[in-house]
Amino acid sequence: MLKKYPTLRYILQRAGWYFLTFIVAVAINFLLPRLGNNNPVDIIMGKAGSGLSTEDARQKEEKYLQEFGLVKVSNGAIVRDAEGKPIKASKIEQFGNYLKMCSVGDLGTSFQKYPKKVIDVIKEALPWTIALQLPTILFGWIIGNILGALAAYRRGVFDKIFFPGALLLSSFPFFVFGMLLVYYFSVVIPWFPSMGGYANDLVPSFSFAFFQSVGYHYVLPFFSIFLILAGGQAIGMRSMGIYELGTDYIKYAKWLGLKENKVLAYLFRNAMLPQLTGLALSLGNMVGGALITEMIFSYPGLGMAILTAIQNNDYPMIQGCTLLITICVLIANFTVDIMIGFFDPRVKAGLQIGKGK
Amino acid sequence: MFVIGIALFFGTILIALVGPVIFTITMERVGPQYAPPGGRYFLGLNDLGQDYISLLIRGLQSSLYVGFLAGIIATTLGTLIGIYGGFKGGWVDDFLNMVTNLFIVIPSFVILILISSSFKEGRSLTLIGIIIGMTAWTWSARSVRAQSSALKSKDHIALAKMNGANTLKVLLVHILPYLFSYVFMVFILQVASGILSEAAISMIGLGPLDTVSLGTILNQAKNTGALGDGVWWAFIPASVIITVIVFALYLINTSMEGVFNPRLRK
Amino acid sequence: MKMKGLSQIKYLLVSALLLGLISCQAKKETETGEVGFPRSKTLYLAGSQWGDPNTFNPLAESWQAAWPVGDRFNLMYEPLITYNSLDGKFEPLLGTLISKGNDSIVVDINPEAKWSDGNPVTSADVKFVFELGRRFKGAATAYAVEFISGINVANVDVNGAKVERLSFMVNKKGRNNPLVILDLLQAIRIVPAHVFEKLLADNNNDFGAVQKLKIDANPVVSGPYNLENYSNEKIVIKRRDDYWGNKSLYAGKMPVPQFIIHPIFKSNDHFAIALQQGGLDASQTFIPRIWMKKKDKVNTWFESSPYFTSGALPLLLINTTKAPLNDKNFRRAMAAAINYADIKELAVSGYSPDMQPGLIMAVGLEGKYFNAEDAKAVGVSYNPENAKKILADAGYKSVFKSDGSLDYMTDKAGNRVPTLSITSPAGWSDWEAMVRLAVKGMRDAGIDIREGFVDAGLYWPALPSGNFDLIMHKPAASVTPSLPWSRFEAIMSSRNWAPVGGDNKMNENQGRYNQPGTKGYNPAVDSLLKLIPTLSDEGKLVQAYRELNKIFMQDQPALPLCYLPEQFYEYSSKNWENWPNEKAPYAPPLLPWVGASTKILWNLKLAK
Amino acid sequence: MAIFEVDHLSLHYLTRFGQKIHAVTDVSFTMEKGKILGIAGESGCGKSTLVNGLMGLFIPPLYPTSGDVRVAGESLMNRSPKDIRENVLSRKVSMIPQGAFNALNPTRKVKDIAADVMSAHMKGIDKSHIYDRLRERFDLFGMDTNKVLNSYPIQLTAGERQRSVIGISTLLNPQMVIADEPTSALDVTTQKVVIKLIFDLLEKGIFSTMIFITHELPLLRHVAHDIAIMYAGEFVEVGTTEQIVFDPRHPYTKALMGAMLSAEPGQRQRKPTAIEGAPPNLANAIQGCRFADRCPAARAECKVNKQEIRIVGERQVRCDYAQ
């Protein structure tokens, strides 16, 4: 009955699939950690248990088991078997609890940062990650694309120098690049701070000094990602651009004697559409992508949180972050699908003619 | 450009293969911690007094190994899924899309820790290669998919379908050959990204525990404070090697693009 | 999505440049430092807090509570007495040690001790803390109950002042161990009873609920500093100018730094860089090649190797229930195969004096219990030939490949010995190096063993469950009055012996050494472990330790690898001077936040 | 008076390796106002290259070797690309490309493309005025003007697209229009419509003179006054339609006719490449006749003697032995 509104139908259809993906992803997120045979409470007990008598250790352990919902509990008391050993909760029950908690925005309690809530950790860290990544990605993408398009359009000397340069840049692993930046601009010639999000003699506030300090600490991490990103984008844009250059409509535009900027604009806009996908995806991967950069610069972002969680097998934390990543990436992909649908008449028209996507 | 790329790439491979013949590879301790470059060990020693030449050659070997292992797995998976989805279209396509998205949204490092934690002897180089491959196929699937769905409408294929050739036959006989050059380029990129991912994974301390790789060399250098002490030989040579390999692969890829996509020539 | 080509680039480049400019300008600003916490009034210490600070609740699990509340830190909450790991003497804090005996330990409470809310620190507070152990299983002092049967309070008159005298009665029916009581007295910090009793009442006596409180808003403390603010990047504490101790213990002087900031670094290598660049004044982390940092005014206790005073003994704990590890000859061969000199130089950057066989350190306070003859006679030290010989005599055969590397080994019955593995957390760079070197030595000697690096998440559970062949372990890590006894206890005690498997866990002697009731059982070990704490006569004590150490060296239930400091201690004189060191040993080599080292804060001088 | 004059025009491409490819050699012709010249030849014979040359549009790697092109007596040679762009393209010489579908920017509405053309050549003309002119012009094409102008190329039928292209190309009343295979890739009926449209425009005097390039001789037969046959970058025969179609003299022309004249509608797609062999590689210099290798009437000396244009039966022929 949606035949009348092809675009709407398209959107709904996509949304449907993405929702399905989301559900499955959540389930996998939940199951994967539990495939490993090791019981996370042991990790805490390893630290908490040392020096305790066996009896005390056992009681403490049960306290945690109950807390993390790993044992059956009826009205506050642990359900026990004949030998008085607590009965472990089944995966299904655990999954049930998990979903219940997620639905109210509770991602559980971090093992390693116990008794801190995962959601709180994320709330504190996420702004930093976004602050570090969002501008970097946008700048890198825009500048990369513009340079790429120019290289494609101008060719000649500019391209001959620019292209290998960009290619080289893009083949740097960005963390290697980060290390080199730290080594040179922080150790050899101490121009910029090598770590942290802002000077330690400051407390986060809306003071000028604070934001300056943030900006100052921002430089190295920014360039460690920006340059490589821009390089990569430029390469992609360049070959897209060259491809478009060969197309008839560009030739025709030249035959018609359109202004150079106009032709460049044609080129840019059409070559850009595929690049949009790249943008959305890298925005979606922000969280996961920040990991190593944040490690190298001790940047107080979410990547750091994930990393410490990884090193301590802090499953609730890992799960929480993975869930976040999942959501971001899915949203990103979804937006791409929709955006392309709207920005690219080719697709849009395709819908109206009813070919589906 | 192609020539340079090939030259660089085979250069590195040569080092990996011939290196052990020229230099005596030893994981033994040969001198003091972080002895600076000079004399026989012209790339210096690491924190355990091991010779960096040996380490780098071993590292190069394992990085290439991981790269190719991951590349082959990822390309195969990606191509098959991509071609099939693009060719079939409809709900099959949507479903495969979903699977692809699933692999995109679950970060590979999560899978890596969780899987490796269930192996008693810990993470081996091969395991890492496999996991990278298993998680990296997604984008090649996407791009191959686009290509094959474009091909689908080509006359000769429509014809073959009409003549009632079964899907598999059409895929293998009529579509794959057309995509071959494309798939090969995808493979090259996958190898490059495989090498990069290994390094990244090693950097966050999830690297192989059974051997040295360029990634673990860098990680070790970082953990043992080489940056602070200005021990440049601990991380610059490894960085250079990684970059060169990837650069070489990119060069090859782009120049091939130029060949197979006439428009990029000129 | 419209693009006006060239013009756009200009804008973007300009804005990119702007970013750079702003930052350079920002640099100038922050260097003047007159924002936030002025450098001249602030001391930067690091290395204790790694993760985000969670809670500042002194009753929370000590490993949960953030610096400076957790562990044994005494800047906010103080113990009765402190232990000076340099001279082994007890120094007064909230109280003064009067006498220690096998029946009771006697401590006088300092009548001038006050809480930050003005109330005096009394026996009620002390009793509250220790009684918690009886009231709630979850309390840290639950452990103390086995050692302290009760606390008697008497009002006495010490040269004119009314003083509360506390007698901690040794629990004869329990562990009967006065040594550990001393540990407890210098470890357990006293909290204000009047505050926490109220909290308990408010939470209708649910201790778990009280443990969950953060207690991070101007808490009532007795210490010289109090919590100013904290974030995931740092913890800031501010000097309490009305601290009771200034008058009573420091002749009216105040601690020099007004603020102490503990930055939270996420990665090991940042400490070194921060110290070198003067962003950090002292750190307690492992920083390799400290000598390379002298030029940046970074120093430590000794001018030269071993640079640090020793206090801890990282070792390989052996699962003695598993063949061939249940054969002590095999274990002794292992001990003889490890190149301790290499470990010292490469793994710990030379921060260890030369190792001696046995579980007693030949240096420092324990030195007096160490006996060179025994070590020579009974102990094994690095000697590959000897290792091979021991193996051969015990009937083990090693088969080597053509390239000289080990292929496999067989036992006396001729069966192939399965490859052993050393469990150790991946990414702990100094431990990793130790393990690699140990493995190398053993393989050269013909022992088929491999590194088994695992994520911390697998390491911790493996230890108590005994699910390992060999495992890296650092028993009794901090220097307490009870060393080296506590180290022997942690490695050799069969008190809670439980077999490997099932849910069985052991929190000491995880190697399952000396199983009671078997023919191999050696009762001397446990009786010595029971006896030593009650010995006050030095002669007898030395004798007992000799016996115990001999048994250890004969049975080799673990393989000590090197001596390490209790805590690492590196300081920078860029901003603050007069740190204690070998030449000016006025405080033990610990950061000024624990034990007898807090006095450093009163002695620091601003560098000119 | 001659509106379009081409004197001994030679063009070459410069390859990456500095190699010269002589795509067009020694092309000369003149056209009176109102004339239609058809240029025929197998694909790859240099037609499209010639087109660029005729518009003075030399985008590297295409360069003029020698010769001259004059529109209304004004030379297009040695002028800055900007000058050519502003003053020649679309105003004096305009181009109707083949494959209209690809010729229109797929992400731009027809009216915007057209507007771009106008604003590119008329300084400070305001939008509303532009659209008025567009309507007025497109109304001539017998289509739903509003729909066409306001839709994206993909939303139009093949015919509508082709007409839009013609409309856009002739928007500024060029003195000279070059149509490069305007009807190829169109079904027969649409072809007719398009041809008709072109002639309407001619009658309405929107433009007067046209070069019509195609490989379909039968079409030319109905369209062109004169026909030039091109082979391997050279004009091998130039004459009136009657002369070329019914009385070809050059062996190649004959061969073409052989392939074409019997053409039934069904076979129309067949290309004249039915002639054995392939054209010579223009990268290396050829001194003899370029058709010699494939020529049925070839003689030994053909391979050596350069063939010059000579007059045979009132038309130009490039063959020493044609009569």
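In this document, chain identifiers A, B, C and D correspond to the written order of the chains, with residue numbering beginning at 1 in each.
Criterion: contacts are C-beta pairs under 8 Å (C-beta built on N, C-alpha and C of every residue); 3 or more make two chains touch, one makes a residue touch a chain.
Only a predicted model underlies this, so the values are computations on that prediction, with no experimental measurement involved.
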Open item on the list: Which chains sit in contact with both members of the pair subunit A and subunit B?
Closed with: C
Open item on the list: Which chain is most central here if centres come from C-alpha coordinates alone?
Closed with: A
Task: Centroid spacing, where centroids are CA-atom means, of subunit C and subunit D in whole angstrom - done: 89
Open item on the list: Can you compute the centre-to-centre distance for subunit A and subunit D, using the mean CA position of each chain? Integer Å is fine.
Closed with: 54
Task: Between subunit C and subunit B, distance of the C-alpha-averaged centres to the nearest whole Å - done: 43
- [ ] Report the inter-chain centroid distance for subunit B and subunit D in whole angstrom, where each centroid is the mean of the CA atoms.
- [x] 50
- [ ] List, in ascending order, every residue of subunit B touching at least 2 other chains.
- [x] 113, 117, 205, 222, 227-228, 266
Task: Two or more partner chains touched - positions in subunit D - done: none
Open item on the list: Quick check on subunit C: which residues sit in contact with 2+ other chains?
Closed with: 267, 273, 427, 455, 457-458
Task: All pairs of touching chains, each written as two labels joined by a dash - done: A-B, A-C, A-D, B-C
- [ ] Enumerate the contact residues on subunit A facing subunit B in the complex.
- [x] 17-18, 20-21, 24-25, 28-29, 32-33, 35-38, 155, 164, 167-168, 170-173, 175-176, 179-180, 182-183, 187-188, 235, 239, 242-243, 245-247, 288, 291-292, 295-296, 307, 310-311, 313, 318, 322, 325-326, 329-330, 333
Open item on the list: So in the complex, the part of subunit C that touches subunit B is made up of which residues?
Closed with: 267-269, 272-273, 276, 287-289, 292-293, 342, 345-346, 349, 421, 426-427, 429, 433, 436-437, 450-455, 457-458
Task: Partner subunit A, residues of subunit D touching it in the complex - done: 55, 57, 59, 84-86, 88-91, 94-95, 97, 99, 102-108, 116-117, 120-121, 152, 154-155, 165, 168-169
Task: Touching residues on subunit B, where the partner in the complex is subunit A - done: 1, 94, 97-98, 101-102, 104-107, 109-111, 113-114, 117-118, 192, 196, 199-200, 203-206, 218, 222, 227-228, 230, 232, 235-236, 239, 242-243, 246-247, 249-251, 254, 257, 261-264, 266
Task: For the subunit B and subunit C complex, residues of the former touching the latter - done: 29, 32-34, 47-49, 113, 116-117, 120-122, 205, 209, 220, 222-229
